[in-house]
Amino acid sequence: MGEILLPLLILSPLAASLVVFVSAGRLSACAVGTLACTGVGMSAVISVILSVMLLSGPATGTLQVMLWPWIHIAGFSADIAFMLDRISVVMILVVTIVGLLIHIYAVSYMHDDPGIARFFGSMTLFIASMLVLVLASDLLCLFIGWEGVGLCSYLLIGFWYDTPANTAAARKAFYMTRMGDAALLCGLLLLATAAGSLHIGTVLAAVANGQVALSAVNMAALFILIGALAKSAQIPFQTWLPDAMAGPTPTSALIHAATMVTAGVYLIARLHDLFVMAVPVMALMAVLGALTLLMGACTALVQSDLKRILAWSTISQLGYMFLALGCGAWQAALFHLMTHAFFKALLFLTAGAVIVRTHHEQDIFRLGGLRHAMPGLAAAFITGASALAGVPLVTAGFYSKEMILSGVWAAHFRLTHEWTLSGHVLWGIGLLGAFLSALYIFRCVFIVFFGKSGTTATGRTSRLMTIPLSCLCVLSLCGGIIEMPMTFPPLHLFSALLDPTLPPSHADEPGWLVLVGAIVPLAGLGVAWVLWGRPSPIMREIPGQAAVIRFARTGGGMDVVYDHLFVQPFRFLTWLTRHDILDHAITGTGRLTQAVSTSVLRSRTGFLDILTLGGRRGIRSADHLLGQIHNGRVRWYAAWIVGGLCAGLAMAVLA
Amino acid sequence: MSPLPALVLLPIMGGGLAWLTERIQLHTATTSPPSRNASWWMMLATLIVETLLLAGITFGHPTRTGPWLEHFSMPWIPTMGIAVRLDLDGLSLSLIWLSLILCFLCACLATRQVTVKSGAFYFLFLMTLTGIIGTFVATDLFLFFFFWELMLVPMFVLIAVWGHEDRQRAALKFFMFTQGSGLLMLLSILGLVITHDRETGVLTFDYFALAQTPLSPTLSMLLMLGFFIAFAVKLPVVPVHVWLPDAHTQAPTAASVLLAGILLKTGGYGMIRFNVMLFPDAAIHFAPIAMGLGVVGVLYGAWLSCAQNDIKRLIAYSSISHMGFVVLGIFTGSRLGMQGAIIQMLAHGLSAGALFLIAGAIQDRLHTRDMHRIGGLWAAMPRLSASGLFFAVASLGMPGLGNFTGEFLVLLATWPVSPAIATLTTVGLVLAAIYALRMVNRVFLAAPRVDPLLLKDLPARQTAVFACVMIFLVVLGLYPQPFMIFSGPSPLSVTATTSREDHAP
Amino acid sequence: MHALALLAASVTIIGAIMVITRKVAVHAVLYLVVTLLALAALLVMLGASFAAMLEIIIYAGAIMVLFVFVIMMLNLGQSDSAREKEWLRPRAWLGPGILAAIVCAELLYCISPFSGSLPTIPPITAHDVGLSLFGRYVLMVELVSFLLLSGLISAFHIGRNWMEDR
Amino acid sequence: MPAFPFNDTVLLATVLFSVGLTGVLVRRNMVFMLMSLDIMLNAAALVFVGAGARWHDAVGQVMFLLILALAAVETAVGLAIILRLHAQGRPTLDADTGNLLQG
C-alpha cells in the first residue's frame, strides 16, 4: 500500500504539472486551476493517509521505497529511492497542506492572468520537486528535488517576464542558490567518495562509526551548510530573497516563505548525525543564524514595501531555525519551520489580497486605515502578525519560538580548550530578535490597518481566497498547541512524534525563560503601538534620510557590496574577454607565420625580383630618355646629327 | 555475413541516390509539388533503413559470446597489412545510435530549409554520417584514419557552401585545424605500425595487434601525444578549440547539429579507444596535464559563453565547456569517469543538438542570431520557448537530466584524484547556470523586441520530435543504468583474444 | 698666297659669322649677300668663272631677293629683334658652338694630309662644264629639272593654300 | 697656277661649314636657319669647285650647279613654309615650337 502511495504522492502533482504544461493555451483558466488543485489535493490526501499509516506503525518505523537503481557502478551506487520517516512526515504534511491552500488561493488570485497555465505548471512542478526533496532517501535523489525547486523558483520569480527587473531577480535567485548548490555538490562528492554511496542511512552510518575522517566530516558539513545557507537565504546569501518578491504573491507565500527556503533547514535536520560530529560547523551555523535573524529583523523594521517586510521577516525567522539547528535543537527548528510555514503563508496571502484590492499598492505608507475597508483581511493579518511576533499562549509562533529559545539557552560550544561559546549569548540575541519581530510586524500592522486611510479599497475578496486564509488562521493560532513548553506540562505531541528520529534537546531550562519569552513580544507590541499605533503616532514614518536607515533598508548594503565586488567585475571581465583571447592569439600566430613566410619567400625570390624590377625600371628610364631625345625640335635633331658626325669622325680619325 | 559494412556504406549510397533523385527531377519535370521533396524522402528512407539495421544489430544478439557485438574483416591491401576491419562494441553502438537520432532530428527539423541544391546537401550530410559511423566501428588504424578524414571533407563543403555570412573563413579554419591534427595522428599511426613491424616483424594496422606492441615509455608518450592532439582538436580541448565557435556559428543548422552532436564525440571516442586503451601507461602519466586541460576547458568555455551575444556562439562555447568534462572523465583513469564521460557525450549530443536546432529555428524566423535583437519569444512561440528552456536547463546541468548524470559521475571520479580540481569544476557549473539563463532571459523572456508577425511557433510535429529528445534526456538523467551497462567500452585485454578466437576464419 | 684671295676668304668668313649673329633679318640677308659675293670672287680665283657668275646671278641675286621679299612679307619689327636678342644668350651659344668647333677641328685634322700641289694646268672652262653636263650627266640635269619643278609646285601649293586661307 | 690653293679652299670651306652649322644650331628663327643652311651648302659647293680645279675635272662645277639648284629649291620651299607658318599664327617663327613629333 505504502509502496504505491509514496510514488503516487510525488506523481500526482508531477502529472498535473505535465498535463498543465502540455495543454497550455487549450484549457481554460478554471480548468487549469482545478487540475492543479486536484493534483496537489490528491497528494495532500495521500500524505495524510501515509502519515496515519506511519504513525500507527512502530515508533522507529520508516517506509522505504526503492523505485529503480540510478547508478550502479564499481565503487558507487545511487538509487531513485524514497523514504518516509517522521521528519519527512512533518515536511510532506506542511508542503502538501500549505501547498494545497495556496493553490486554492491562487486559482482566484491568478484567474485572469494569460500565463496561468505556466504558473500552475510551475507551482505543481514545484510541489513535486519539493516532495522529492523531502522524501528522497538518497542524497543524489534529494539533489534532484533541490535543483528542481530552484528551477521552479526561477520560473516563478520571473513569471511576469516583461519587466526586466523581474527576470533579473529570478536570475539572481538562481545564481545565488546555484553557488550553494555547487558547494552542496562538493559536499556530496566528498561524502560519496568517503562512504561509497549517497544513501542517507549509509552515509550517516559511515560517519557515525568513524569510517569517515573527522576533517572530511567537517568539510562535508561545511559544504552542505553553504548549500543550505544559500537555499535558505542566510548571511551571506541573503540578498536574493527580497528581490524574489517580484514573483506573484502565491509564489512568494509557497516558495519563498513556507517551503523552499526551509529546504536548507530540512536538509540539516535530516543530516543531523553528520553535523553533530562537526562542532565548529554547528557553531558557525548558530552564529550565522543569530546574525541573520538580527539583521533580517533590523532591515524589516525600516522597509516600506509590504512584501519586502515579509521577505526580510522570513530571512529573520529562518535565522531562528538555523540558530536552533546550530544549537542542536532539531525538533525546535522543525517545529518552527512548521508554524512559520503556517503564519508566513497566511501573512503573504493576506498581503496579496490586500495588494490586489488596493490596486497593486505595496508601499505601507500609502496604505493605511484598511481595518474598516477589509476587516476580515485585517483580522487575518493580525493573526499572522501575532503568530510571527509570538504573542504568548494564543499563537503558534509563541510555542515554537519558545522551544527554540529554550533549546538555545542550553547549548554550549566547546570550540577549543580555551574558547567556548555559550548558548546564553545566542539566547540573548534570539530574545532581542523576538522583540524586534514584534516591533516590525506590528509597525506594519498599525501603519497598514490603523491610522488614516490612505488608499481606497475596491472589490471583495473572493470566497476561494478566504477559505485558505481562514484555514491558515486556524493553523497559525492552534498549530502550536501540539507542543507546549516544558513548564506547562500536558502536551508534547510534536516532540513525541519526532523523538524516535531526532534526538530531543535538553529540557532543563529554568522556568523564568518562558516568562521572559512571553513578555518580550508583548513589550515589542507595546512599543510598536506607542510608536505607530496610537491615534497620533510618535513616528509616522521613520525618517528615510538618515544614512543608517538607508543603509539598513538596502539590507545592510550587501547588495551594493556584492554588486561591486562580484557582479560588476564579472561583467567587466566577461566583457573584456568576450572575444576569445586564445582564438586571437592563435589566429594572430597564424597571421604572423603567414607574414614571415611571405617575407622569407620574398627574400628568396627577392634578388631576381629586384633585378628584374631594376631592369625594368632602367629600361623604362632609358625609354624615357630616348623619348626625351625625340623631342620634335629640329635644332636638337640637327645637334644629334652633328654629334653623330662628331663621333664618326673621331672614330675615323682615331682608328 | 556481418551487417557492419552495410551499416557503414548505406548512408553514402542513400545519399548518392538522393542526389540522383534530385538531378533526375530537375531534368524531367518540376511541376508536381509532392514529388519536389523526393530526395528528402530518399534521405529519410535511408535513415530509416539504417535505423532498422542498427536495431537488428542491437537486439538481434540475445546471447553475446564476447564483449564485441559484431566483427567484420576483409583484406584490403594485404602487402601493407591493411584490412577492412570493423568491430562494434557497446560504446560504438551507443554513439551510432546518438548519431542516428540526431540525423533524424536534422532531417525532420533542419534540412527542409535547405532549398539550394538540396540533393547535394543530403548527399554530403549522409556522407558525413558514413564517415562518422565508420570512425566508430573501424578497428584498423588505416581505415580509422580514412574515415576520420572522410568526415571532414563533406562537412567542410557543408559549411563553406550552405553556411552563414562568414562561412568561407570558418570552413577553412575548421578544415585546417582538423586536417593538420589528423596528420599528426597519421604520423603516430605510422610510428606505431613501424615500431610494431620492427619488434615483431609483422606489418599490420590491426588495432588489437598493435595494442600488444611493446613500447618504451618515451615513444609511447610521443605516439599517444600525436593521437591526443588530433582528438583534442576534434573534441575540442581548450587551446585548440578556436575552430569550433566559428564553425558552429557559421555552419547551417543541420551541420551545426552534426558538428556539436556527433563530430565532437568522435574526439571523445578516439580518446577512449586509442589514447587510454592503446597507451594505458602513457595515458596515466599524461593524465594530470589532460585533466588540467579539461578543467581549463570547462571554465574557459563557460566563461566565454557568458560573454557571447550570438546564440549559436554561446552554445558553441558551452559545448567546449561540456567537452571539458569529457576529457576530465576519460583521464581520471577510473571506469566511473569513463562512464561519466560517455553519458556526458550522449547527453550533450542531444541537448546541444537540440539547442542548435532551436537557434536555427529562431534564425530562420528572425534572420538574426544576436541576442540583443531577439526577445520575448515566449508570448508568441511558447512551444519553441519551452523547448529552449528545457534544453538550456539541461545544459546547465539540472539533476534528473542526462547532462547532470555525466557531470556528476565525472566529478565523482575526479574527487578522489584531486578534490581541488573537482571543486574548481563545480565553479563551471555555476557559470553554466549564468550563461544558460542569460540566454533564456535574453531570448525567451524579456520584453518582446521583434515583430510578432514573424514569429510562427513550432508545428506540433516538430514539437513532438523535440519531446522525444526531452524524453531521452530525462531517461538518461533518471535511469542511466542500462546505458552504462550497455555503452561501456570493451576492455582491451579481454577483447584482443576473444574476438580473435571468435571470428578467426 | 694671293693677298686678294686672303681678303676674299676673310670677308667670306666674317660675313658668315655676321649672318648668324644678326638680330635683324634684313641685316643678315645683306651680310649673306656680301659673303656670297666674296665667295664668288674666290671661285673666280679657283678658275671657275662660270660657277662664279652663276653664284652671283642665282644665289646673290635670285635667292637673296626671295629672302628679302619674304622678310618684307613677314613684317618684322622691333619686338622681333628684341626677341632674337633674347634667344641669343651665351648659354644658347655655348653648346652648339663647342659642337661646331669640335666638328671643325676634326675636319681640319682630317684634311691636313692634302698638302702639296700639282703643276699648273689650264683652268676648266664653261665649255668643259657644258660638255660633261649635257654629255655624261644629262640624266642628272633632268633630275635637277624635276627637282626644280617639284620645288616650284610645292612652293606654289603651300603659297596657294595660304592665299585661300586669307 | 690657281690663285687659291686647294688646301686653303678646304680650310675655308670647313670654317664656313662650321659657321653655318653653328648658325643652324644656335638660331631659333627659321629664316636665320635657312640662311645658315645656305652658308653650309655654299661651303660644300666650294669644296667641289676647289676639288674640280685641283684635279682638273669639270664634274666639280657640275656638282656646283646641282647644289645651286638644290639650294634654290630648298630656299623656295623653306620660305614658303615660313610664310605659311607665319600666316597661321606662328609669328615668332620659332623652330622649337614645331615639336609635335616629339616621342
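The letters A, B, C and D name the chains in turn, as written, and every chain counts its residues from 1.
In this section, a contact is a pair of C-beta atoms (placed from the backbone, for glycine too) under 8 Å apart; a residue touches a chain by one contact, two chains touch by 3 or more.
Since this is a predicted model, take the numbers as computed values, not measurements.
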Reference chain A; chain at largest CA-centroid distance: C
Distance from chain C to chain B - Cα centre to Cα centre, in angstrom: 105
Centre-of-Cα separation between chain D and chain A, whole angstrom: 118
Whole-Å gap separating chain A and chain B, where each centre is the average of the chain's CA atoms: 36
Distance from chain D to chain C - Cα centre to Cα centre, in angstrom: 5
Where chain D touches two or more other chains at once, by residue number: 21, 25, 28
Chain B: positions in contact with at least two other chains: none
Multi-chain contact residues (two or more partners), chain A: 639, 642
Chain-to-chain touches, reported pairwise for every pair that qualifies: A-B, A-C, A-D, C-D
Parts of chain C lying in touch with chain A, wherever the complex brings them together: 95-96, 99-100, 102-103, 106-107, 109-110
Touching residues (chain side chain A, partner chain B) in the complex: 21, 24-25, 68-76, 80, 118, 140, 143-144, 146-148, 151, 154, 158, 161-164, 167, 170-171, 174-175, 178-179, 181-183, 185-186, 189-190, 192-193, 570, 574-575, 577-578, 580, 582-583, 586-587
Interface residues, chain A side, partner chain D - complex: 626-635, 638-639, 642
Chain B residues within the chain A interface of the complex: 238-242, 245, 300, 303-304, 306-309, 334-336, 339, 376, 378, 382, 386, 393, 398-400, 404-405, 408-409, 411-412, 415-416, 419, 422-423, 426-427, 429-430, 433-434, 437-438, 441, 445-448, 478-481, 484
Contact set on chain A toward chain C in their complex: 639, 642-643, 645-646, 649-650, 652-653
